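Take a look at the structure below.
We just call them A, B, C and D in the order they show up, numbering each chain from 1.
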Amino acid sequence: MTVIALLSVAPVIEGSMSGEVAKAVDALEAYDVEYETNPMGTVIEANDIGELFAAAQAAHEAVDGDRVSTVLKIDDKRSRDVSAEQKVEAVEEHLGRPATNRDEREDEPEAE
Amino acid sequence: MTVIALLSVAPVIEGSMSGEVAKAVDALEAYDVEYETNPMGTVIEANDIGELFAAAQAAHEAVDGDRVSTVLKIDDKRSRDVSAEQKVEAVEEHLGRPATNRDEREDEPEAE
Amino acid sequence: MTVIALLSVAPVIEGSMSGEVAKAVDALEAYDVEYETNPMGTVIEANDIGELFAAAQAAHEAVDGDRVSTVLKIDDKRSRDVSAEQKVEAVEEHLGRPATNRDEREDEPEAE
Amino acid sequence: MTVIALLSVAPVIEGSMSGEVAKAVDALEAYDVEYETNPMGTVIEANDIGELFAAAQAAHEAVDGDRVSTVLKIDDKRSRDVSAEQKVEAVEEHLGRPATNRDEREDEPEAE
């Protein structure tokens, strides 16, 4: 069984949120989960749904603020063990290429 | 402090999901939360973030299936008590009318 | 074919958002969609996916702010016509009661 | 102005979704956006909100299925140019380390 989720925790403040988001990410260290942050949240992988919810709650509570907005999107595969990495690899196998165009665009000359 | 959230729990099955969704809604009864289901999920209101996460986890686990997809969106107002109902009323005050066009459209004759 | 979605558009500001949210709701009037706002967003129903995306974009752009956060969750049933209302009715049929506990709790005496 | 979003498009089918998800990712190639797929969706970066919505709609429509579930989460920074990469870098600066524990855990010996 693999539970994979995207967690986004953000204080509703007009300045930079990154200091508070860092606290949310740090809070995950206390849990038996793998995590990797991307520009729209942190992908979390756990073997146990309880551990995932506990980690998400800790991250939410780690952020200070009068108003905190959190989104948790869970993909709970209960009968198969497909890792987070394998999910992307399966898509790339169908694409026949990496599932990104970042590298190509970095090599392109800036539009005049 | 009021924590308001939208919870959507769905088994990834090709037939009707409503029987399983009903189990998720029923699971909320065991928690000190107010809830109301709409076509895209259930709005949940709690006084305590721990109670909200516990109720969301119970609803997720109440649904049977090889693969279960859950989205939890939380609006955690920690310094003010604004009820779920008051959030909609505040928008309607600015609109100067109900925040829906359902009633008007039900009175319109069907397009020939 | 019925496309049902939940749209939440919010300016990232520390004060009340309801004035700006009202602009997003108002923007939906120009489109062939049914909508109803709840405490966590607006449920939108359309017969055409293009109309849904156009309405969501208009609502997003109607909100002023240096930073705007929008979530759009779409349930696109392409081979069956199940209205938004019917989705909730199907869950309530399985529950054997309304999919809410709001009314019961309103009748309960306030905890001493 | 930079618009950053997370897009997740999935057919509601009981088998593997990766073939259809690959079609959604491929559909982004026709648009002036940068994208990178992760285990919970594809982060998309655009300079124009219209281009983002058009790309998201094309990806949604590229997926075949009787029922298609799509989530689009948008972070629209209208007054500052902060790239997707810079968002993660800012969090890592506060953390004082990479915003992931994947590498550490890969070096740990498997639990006996």
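Going forward, a contact is a pair of C-beta atoms (placed from the backbone, for glycine too) under 8 Å apart; a residue touches a chain by one contact, two chains touch by 3 or more.
None of the values given here were measured: they were computed from a predicted structure.
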Chain pair, A-B or A-D, that carries the greater number of C-beta contacts: A-D
CA centroid of chain A to CA centroid of chain B, Å: 23
Whole-Å separation of chain centres (CA-atom averages), chain A against chain D: 10
Overlap residues in chain C, where contacts from two or more other chains coincide: 66-67, 69, 71, 73, 75
Chain-level touch network, classified as line, ring, star, complete or other: complete
Chain C to chain B touching residues, read off their complex: 4-6, 8, 16, 18-19, 21-22, 25-26, 28-29, 34-43, 45, 71, 73, 75, 84-85, 87-88, 90-95, 99-102, 105
Residues on chain A engaged by chain B in the complex (per definition of touch): 49-50, 53, 56-57, 60-61, 65-80
Residues of chain B that touch chain D when the two form their complex: 10, 12-14, 66-67, 69, 71
